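The chains carry the letters A, B, C and D, assigned in the order they are written, with residues numbered from 1 in each.
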Amino acid sequence: MNGMSLIVKRVTRYTVGLILLYGIYIVFHGHLTPGGGFAGGVIIALSFIHLVLAFGIRSAKKSIPKRLISIGESLGGLLFLCIGLIGLTGGFFFLNFFAKKGEPFTLLSAGTIPLCNIAIGLKVGTGLFAIFMALAVFKLTKEEDKQ
Amino acid sequence: MLELYLVMAFMLIGAVVAVGLRGLLSSVIAVGAIGLGLCVMFLLLKAPDLAITQLVVEILMLIILIRATIGRGVSRIKDRSSVWVFISFFIFSAAFILAASMAIKELPMFGQELMKVSKFYVDNALLKTGAANIVTSIILDFRAYDTLGETTVLFTSVIGVLALMRRKGRKKINERDEPDS
Amino acid sequence: MNAIVVFVALPLFAAFSLPIIGRFWKRGLDAVSLLVTALLSLCAIYFVIFSNSLPQVYPIGFWPPPLGISWLLDSLSLFMLLVINLITFFVSMYSINYMEQYTSKWRYYTLLMLMLAGLNGVVLSGDIFNLYIFLEITAISSYALVAFGTGAEELEASFKYMVLGSIASAFILIGIAFLYAKTSTLNMFDMASVLAGSPFNSASLLFVSALFITGFGIKAALVPFHAWLPDAHPTAPAPISAMLSGLVIKTIGIYALVRILFNVFSLNIITSEILLTLGGISMFVGVILAIGQWDFKRLLAYHSISQIGYIICGISLGTPLGIAGGLFHLFNHSVFKSLLFLNAGSVEYATGTRDLKKLSGLQESMPCTSWTSMIASLSISGVPPLCGFWSKLIIIVALFQAGKFFYGALAILVGIITLASFLKVQKYVFYREIEKITSKIRKIPAFMCLAMVGLAVLCILIGVGFKPVLNKLINPAAEVLVKGRGYFIELLNTYGAN
Amino acid sequence: MIILLMDIVLFLIGFYALVTKRNLIKKVIGFGIMEYALNLFFILVGYRVEGQAPILSQNNLIGDIFVDPLPQALVLTSIVIGLGVTALMVSLCIRLYQRYGTFDIDQIRRLKG
């Protein structure tokens, strides 16, 4: 796969940032509006997939470090687990340990919930992108075997 | 209420088309149509969180499925047109629907949910957790442990896919491991 | 009380960090997973010895039972925790050398740790949807692990397993949906107290029971639903076969089914009869199918079906003796069937084949494997001083005591056929001398031997000291199941929100 | 009542595809349809007539009728599980195609019984 036409590439340059920003917005506002870590994470993954589909897998493999993806995934999982474990200091697993929950309907409210959303968003975004890359790259190597 | 039935009928037709069509790509697209129908259904049933999630997941699924099908499976695969398979499945599904309808009769009427535990969530979510979105307050505070399980499921399937997509599965004992791709 | 967290958090922590560790420190993988499993089994042993105030309910996030998710640690879950963590410790020790045959070990260890976390989570959970999630974690990691070699047969077996497994999961989930619609709660204690108001033969309860028996029956490979097991268990890497046969089918099949049917629904005459019939059929069909097998691991897989039948027969009686026998057999079967699968793995490792007709006279060249497999074979066929004998005896006595003479006789008959079948294995693999194939035999590394010896010692210890095991572990666990629904209602009243 | 039964019919269509179809991708599609039906069932169970979406805002505070938020939380989890299983299934299909050159299950049967 060598990517799509020039028009698609050009348009992608402008849209991909917006999609990424939208995904991040959804993650950060998960406790106020519909959406949340998971939906936002999928959107973030989709923005990268968009990039890969437009520019082709070969150039994407060069520019996106794969090591970073899988480390990001592990870190997301660890972060979420650690939020649960920090609750133990208050006496219970997954305790929402902030005493002051903050002003309702503002970004900094709801205790640990935004933090959890960020962890999940990181994890889901990198994880789903890793799945896509694994499936897509495999196809490429298979074609190489044939030739 | 009527719109619910309409969307449901659309989904049923979509399902029959998706299962019945010969070409793989067209049935994958029919599945996409069902998924969008489900998304509309979630909106009608007042579940905007799920509608967003279903929408983005549906897009991702379509991309993955199309990547899997494109260029493969060109040769059409005929199904076993055995009458017996069909008849036995028909009997099974008739029995299943009968049993299910008898069971459904004992449940509360549609639209009259009991809200035994959820009443607490609805009344106290904002007070106790500070989150305006009650669904988020459930998945990340009341039932945060479930969400840990959920992320673990996703992690498992990512590692599983990466493990299945290795180029070589087995090696000689003293051979060097291939670098992680 | 906070120490329970360790059973789920530690394997998850290991699983999340192994991909990072694996990049920098290859040998660290073995060390970390061995350390984690060793720590967990020490914890389980510690809990068994020093726990005096069971049952305990741990509210996660400090939300009391009907509101949040709660963990339940009682004698039954403690018993299952001990079994799971002990066997996983030995399996992980065995993997150190065995998995050198496969590439990317870090993915293997990550999936193994995830599977362990899933199993522990299923056993501890007191919430029905949470149980489903951890069941899925276990199931998904086992699909991936069955196909770990990525050979043609492995992929095919894994796909078959996956299709049947997802049907099972779908049935279980739709059962949970019906239960939620009926009771409007997910906590099992609360559910038990709500369901106490409706008669046991109401259509919805029967329908849900049928769904659960089908779903968990597929996971446990009871006979009409066993089609995936004889493919999936033999083709997996040997340590994974041991995990699947020894733990997975028991935890996500039998334990989950029994916990729901006994403690939430409270066993009634209909479910009891259905389970007894399924158990009897599995017991007989499994052993009959095993006779004709010449593949070492496939034969063991069919025997797993048959032994699962024993366990279900014992437990479904509902009498204290029957349940104790069933649970004891569950423990014993985990130990000796894992050991047998590890033996088969060693034979394959050394000679490169598991076809019984091609193997011969390995007794001299593989003394460790030979002796341990002798002990395991004698155990599974129920020869007196070893562990399998006592549990089978208890099950048969319980069957006769409950007046099920047909099933009792069947159990004895199946025991005899099992003995014959394992004599065949011993003769063909270790004691028959047609030609020496010593030249090609590879030496078994130390850790593999150590794991097998450890399990064999466990076999003998349980057999000799069956009395304290029964008193300390099995009988309290059986008591939990005998108490039925009342037990959960009591827990709700003690720990509930109001 | 009728709509719940229609949902069960949708479940059975997916089940039919999963059990009887010979094409691996069709099996995956069947599994997907089953997942949809299951998710919808939960939400239908939690619906309340005249209920509002369970999201509070300044002018929509406690006291109104809301639909049941708990099934929505469960379905969110269930969607993720479905996605994970489907991704794994698709990757198995691709590997099987690479080994056998076909998606036909009857030509893949190498293991007996």
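Just so we're on the same page, contacts are C-beta pairs under 8 Å (C-beta built on N, C-alpha and C of every residue); 3 or more make two chains touch, one makes a residue touch a chain.
Keep in mind it's a predicted model, so treat the numbers as computed, not measured.
Hey, which pair has more contacts between C-betas, C-D or A-B?
A-B
Which chain is most remote from chain D in terms of Cα centres?
C
CA centre of chain C versus CA centre of chain D: separation in Å?
So the centroids are 28 Å from each other.
Any idea how many Å lie between the Cα centroids of chain A and chain B?
The separation of the two C-alpha centroids amounts to 20 Å.
How many angstrom between the C-alpha centroids of chain D and chain A?
The answer is 23 Å.
Could you please state the distance in Å, as a whole number, between where the Cα atoms of chain B are centred and where those of chain D are centred?
Here the centre of chain D sits 3 Å away from the centre of chain B.
Could you tell me which residues belong to chain B and also touch two or more other chains?
Touching at least two other chains: 48-49, 53, 57, 60, 64, 68, 100, 104-105, 107, 113, 115, 117-118, 121, 126, 132-133, 135, 139, 141, 143-150, 152-158, 160-162, 164-165.
Please output the residue numbers of chain C that touch at least 2 other chains, ranges allowed.
12, 15-16, 19, 23, 60-61, 129, 133, 136, 140, 143-144, 147, 150, 155, 181, 186
Got the chain D residues that touch at least 2 other chains?
15, 19, 45, 53, 55, 57, 70, 74, 76-77, 80-81, 83-85, 87-88, 90-95
Which chain B residues qualify as touching chain C in the complex?
Going by the criterion above, the answer is residues 99-100, 102-108, 113-118, 120-121, 141-146, 148-150, 152-153, 155-157, 159-164, 166, 168-173, 177-178, 180.
Enumerate the contact residues on chain A facing chain B in the complex.
Residues 26, 30-39, 42-43, 45-46, 49, 53, 66, 70, 73, 76-77, 80-81, 84, 93-94, 96, 101-102, 104-105, 109-113, 116-117, 120, 123-124, 127-128, 130-132, 134-139, 141 of chain A touch chain B in their complex.
Of all residues in chain B, which touch chain A in the complex?
Against chain A, the touching part of chain B is residues 48-49, 51-53, 56-57, 59-60, 63-64, 67-68, 126, 129-133, 135-137, 139-141, 144-145, 147-148, 150-152, 154-155, 157-158, 161-162, 165, 167, 181.
Give the list of chain A residues in touch with chain D in this complex.
33-34, 36, 38, 105, 128, 131, 134-135, 138-139, 142
Applying the document's contact rule, which stretches of chain D touch chain B when the two form their complex?
1-10, 12-17, 19-23, 25-26, 28-30, 32-33, 36, 39-40, 43-49, 51-57, 61-62, 66-70, 72-77, 79-81, 83-88, 90-95, 97, 102-104
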